[in-house]
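Starting off with a structure, shown below.
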Amino acid sequence: MSETDYSNKHVEFEVPEPTPEEQARLDEMYKEMEGLHTLPLWRTIGNLMPNEPTPEAVAHKWDWSQLSKVAEQAGELVPVGRGGERRAIGRCNPGLGGNPYVSPTLWAAIQYLGPGENAPEHRHSQNAFRFVTEGEGVWTVVNGDAVPMKRGDFLITPGWAYHGHHNIATEPMIWIDGLDIPFQHVMDTGFFEYGSEKITDDGTPDYSRMERLWAHPSLRPVSYPGESEFSPIGRFAWEHTDAALNEQLALENEGYPGVVSPGHAAIRYSNPTNGADVMNTVRAEFHRLRPEAQTIPVQEVGSRVFQVFEGTATITIGEKVFELSQGDMTVVPSWQQWHIVAGADGVDLFCFSDHPIFEKLGLARTFTPEGI
Amino acid sequence: MSETDYSNKHVEFEVPEPTPEEQARLDEMYKEMEGLHTLPLWRTIGNLMPNEPTPEAVAHKWDWSQLSKVAEQAGELVPVGRGGERRAIGRCNPGLGGNPYVSPTLWAAIQYLGPGENAPEHRHSQNAFRFVTEGEGVWTVVNGDAVPMKRGDFLITPGWAYHGHHNIATEPMIWIDGLDIPFQHVMDTGFFEYGSEKITDDGTPDYSRMERLWAHPSLRPVSYPGESEFSPIGRFAWEHTDAALNEQLALENEGYPGVVSPGHAAIRYSNPTNGADVMNTVRAEFHRLRPEAQTIPVQEVGSRVFQVFEGTATITIGEKVFELSQGDMTVVPSWQQWHIVAGADGVDLFCFSDHPIFEKLGLARTFTPEGI
Amino acid sequence: MSETDYSNKHVEFEVPEPTPEEQARLDEMYKEMEGLHTLPLWRTIGNLMPNEPTPEAVAHKWDWSQLSKVAEQAGELVPVGRGGERRAIGRCNPGLGGNPYVSPTLWAAIQYLGPGENAPEHRHSQNAFRFVTEGEGVWTVVNGDAVPMKRGDFLITPGWAYHGHHNIATEPMIWIDGLDIPFQHVMDTGFFEYGSEKITDDGTPDYSRMERLWAHPSLRPVSYPGESEFSPIGRFAWEHTDAALNEQLALENEGYPGVVSPGHAAIRYSNPTNGADVMNTVRAEFHRLRPEAQTIPVQEVGSRVFQVFEGTATITIGEKVFELSQGDMTVVPSWQQWHIVAGADGVDLFCFSDHPIFEKLGLARTFTPEGI
Amino acid sequence: MSETDYSNKHVEFEVPEPTPEEQARLDEMYKEMEGLHTLPLWRTIGNLMPNEPTPEAVAHKWDWSQLSKVAEQAGELVPVGRGGERRAIGRCNPGLGGNPYVSPTLWAAIQYLGPGENAPEHRHSQNAFRFVTEGEGVWTVVNGDAVPMKRGDFLITPGWAYHGHHNIATEPMIWIDGLDIPFQHVMDTGFFEYGSEKITDDGTPDYSRMERLWAHPSLRPVSYPGESEFSPIGRFAWEHTDAALNEQLALENEGYPGVVSPGHAAIRYSNPTNGADVMNTVRAEFHRLRPEAQTIPVQEVGSRVFQVFEGTATITIGEKVFELSQGDMTVVPSWQQWHIVAGADGVDLFCFSDHPIFEKLGLARTFTPEGI
């Protein structure tokens, strides 16, 4: 796409100066059109069909210390139970009218579960994941399989899988929830059903059953042939993510390929039955930058969310610059150029995006301004 | 899905009656949350995650006689040219806030081109098609290929193909434009570029070049191997559509399969390189019902638009009933049950939908209440 | 592949001159190996793993006048019926040990059916097609669907479809049968079952039912969604093939793309449900060359068979040159360079190959020596 | 397939008793047909198109103690070097005419490399793997990546990857080679090229670079998007295989799904970029049976090879029964019913097959006679 000149701007559509009589007829016509529930393209094309994406969503940063504090407060004041379902606090992109949409497609909440608390089971067509920023002691039960949640783990709950959470620890636990709620809401595709009030498996195994079956590198159980549209692995344990990133950087040290760009390692969580993203609508990745390393500036169709797992970084999104510390989250709206510079100790970043939607629909585009 | 009980409704989330002091703290917390650009799930879940789709779009009918009249008026009062680009009047679903969206994903306009007029060339990432309700004499030039437009023809302009129109006849011409403008607008995926001011090929051939190469039944030119993500056929001429539908009904008369259901014939326009829909985001079909025949009631994720090509029909959408005559258009919002009953002379209907989007993303569902 | 140096030849493996005692031990070892049903690679690698394919099949031409004469004789002397099943005479590649294999994968027979005769129904896992070189009056009944056979028609009988033939005319009829018999024989994949002794539908319609449903250009019946692994169209009528080829040449005259190379038009019969070949293991095409036009020399993995439908041509295959007249058939073994020069009146050629097998298995290669 | 009656047998084709004169004409005709390089179907159909596969390959067992002894002898008497390329001894199925084909598609050799020896680099279109039955100390260098070989490891060398081996240990090492040599030989698809005389990387790392990048459970390096037609992982280390099988049996103990059938655990080595088999033409699996456990009897299109890694078992193939001890290999020809009963200590079996070929071509069939 690099040859495209995106400076091309919509010109003003100039109707020849109408006479007063013509103007009257025009006014009447536009009024009639409105009455007929229609709108002429020539009066709206600049907004509807811009030269390039002009998202209403804006680049924004949510501070972890503030959010975790208000989550704790909610833990004190608001119970968890049927009806409200989850003590989850969704981020609202300031450009999106107060809706709890981190972008037009994605939901990103902070969820808080106190010691001994249970979040009842339900299922929905929305695809969900959790990323654990701190602590342990919660098991999420997905279709009857008890899945441990520990710091650094990435966990999925694909659409229409029953799931509930329980905290057996003596400490509260906080994690990040990501879903495609805004997409499914705008598209009118959402279904929801209540399940058991109580968790259906109160076991506290070290590994979930689906992990034990599937999380061996490229070894499939013969008993599960074929392709599944989401990953049968429900938990991607931190130990593997960490090891994979370390190997990429070690290979770079040895002079071999593997990193995305100098000092920038990254893995994508994937579906072992087809190598694709873990779920149809959501991509999830983990990025590690060496101290002072930076990513290549890029513009992409679709939105990305980053959360700092450890370390510090500076992210530039369009004209905005945010300083990021542990737990901070930021969103990159569609087609805004972004790049990240790691702080003095490097940075570990969890990342998710809606890119699979646009790749599947032939609408994905990427532009690296420096031609790299 | 038939075993699912969709009567399951969200229960009210009842927080135990707070004391006045607690209430004050709650109020303060909610205010703080708002300040942090967040919103708690437990106060919004009923709206965000309904038990089944609750579209804001409503079932609606646009009357052809009214619309064609206002289009003619526009032909008199508003020129066609650079900036406004097209004399197209988009339908606004009354539930969608005055936007020219026939549904959350689709645009459906009436376009008018006077004798001798030219609509300048441009291209955009939005996928477009035209369906000709009446007349002939216009050629649309797609990537330099002059494509005739005649009554009953279905024509596509896939995303990023340059295209313009010119009318060489002595009569004005009106047709239907369909695009995925709302989807691409909400998703921030749209790109647009101006092309030539004048049409790049002023030929008036009987058939476009891409038709001559590709529109032979399941005979591929060896010079074009592989798969294209949209149909290389730009024009699906009426003569073939009509013949295919007639054969389905004749086979039904002879006692053989082929129709969708009794008295209901239908074809889907497809991509000869992979058998899929003509474009990634839009499905287009043509339906023919015998006199008094009816379609099977169904609920579907996604939205459908019908336009009567000939004959009359009654469509029931949820609780609404519309009488349809030639040229009338109606929209079925997501998950609303619909069925059509043909009038005394039967009915021919052009139909388009956003179903491929949801099939590709694993979000499609269909429910036939009578279990048929 | 053009940068590969295929001149690389296997060197002789030189074992250091053994002493007589060593030789005795070697001899004993080789004998023991044989007794253990083993064979050392170092004594066979040159044959087993050549630098490039060294097919045992040879380029060969079968003369139509001779074959049709012997087919007529068979019509007189040998009845058609259960057990023998078909009056089909298979071509034996002279390099393949007297087996009726035109190549290691393909069978190509001439079939003769006298007036009033019936070939009983059966089905088999082998994929079959017919190409009609002359005449009409036979209907092949495929899964109960009576399919007319006329000069120039291409007809398929995918694996495991019941089929029989009957000739209602007063003249005998001759056509070409192509199957993947050798492939399935060597691979031990073949299944076979008898069906009805008599044809199950003695209708003589102008078009088969599956044609009437499916042979409309890129218009799919809505009642048959999804993908089929073979074409649901059983008959590709000559009128469409002829028209498609004429259009390619007309486009070339007008200066537009479409032909394979100058003066060389070609179509591939395809599966409308996925755009792929008509059957999993067999590709079928029709080629038309203008007078004196020639194809681009090429080497391909897999074997191709050509039969002249009309006109004359010279084909060069490796070092051999054959003059071809109407009805003559020739085979190109794997990786042998071939090209065709049309005679003074041009040439129409039916062609089939096993290329889909190798494309599906990642083993296809093509090399155009002149770099075109 | 269970409803199919495979008892259906070809009937004798009975030509009405010819008169002596007719017989003379028939004899003459058959002679003429032969001269024209043709063969009539009615005289060969019973052999060519049997009711079900009648493989020439036979069930057979190769004894490990005998083979390893002869391999050691070869180590003494025959050097490894350019021309012979490998000290590999291929198994010859007794039904396949003395060719080194374990089945019509597969090659299975025992390879021996003495201490300090090098097998020079080359590449070929044939897909290859190694399975290590004993020892360590050899590194195979695949496209410049040094891959360690240890007991229980499964290693692949996909078609056209350069590879050589070197043994740095003080002991000789023996392993199993599997390739699709017979398939590519019969199909005329084979290409071969010499590479470096000496190994291009004499490192002896604990893990190969491609393992370090890719062998993390379902975590893809972001730097390698998309699909590869073979697994980028070159080594599947024993520790993972062993762990995966143990987990399946543990889950069975706990009452959960995962095993293929009672007491029968199995994993399939797969391609992390698409979830498919590691290479296009070869499937590889590892099976573990508890003491006395047995597999479900089955008939399959295509051939399977088993080798005992540890323990003992009895395999029944058609009417033959073989007792298997450590290192013994056996082959199951197409469509022969087989089942395995583990010995008193259970059994670990490496297994490979050509099943992906037939699945890709729509020719796969499976039949479980007991309807299980």
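A, B, C and D are the chain letters, set down in written order, and residue numbers restart from 1 in every chain.
In the analysis below, contacts are C-beta pairs under 8 Å (C-beta built on N, C-alpha and C of every residue); 3 or more make two chains touch, one makes a residue touch a chain.
The model shown is predicted, which means the values in this text are computed figures rather than measured ones.
The minimal number of chain-to-chain contact steps leading from chain B to chain D is 2.
Shared contact partners of chain B and chain C are absent.
Taking the mean of C-alpha positions as each chain's centre, the chain lying farthest from the centre of chain B is D. Look at where the CA atoms of chain A average out and do the same for chain B: the two points lie 29 Å apart. Centres computed as Cα averages put chain A at a distance of 52 Å from chain C.
A straight line joining the Cα centres of chain A and chain D is 43 Å long.
Across the complex, chain D meets chain A through its residues 209, 212-223, 227, 231, 233, 236, 240-241, 243-244, 247-248, 250-251, 256-260, 266-275, 278, 285, 287. Chain D contributes residues 4, 8, 10-16, 18, 22, 25-26, 29, 32-33, 36-45, 48-55, 57, 60, 62-63, 66-67, 70, 73-74, 77-79, 81-94, 98-100, 104-105, 109-110, 124-126, 159, 181, 184-194, 229-230, 280-281, 301-303, 333-335, 357-358, 360-363, 365 to its touches with chain C in the complex.
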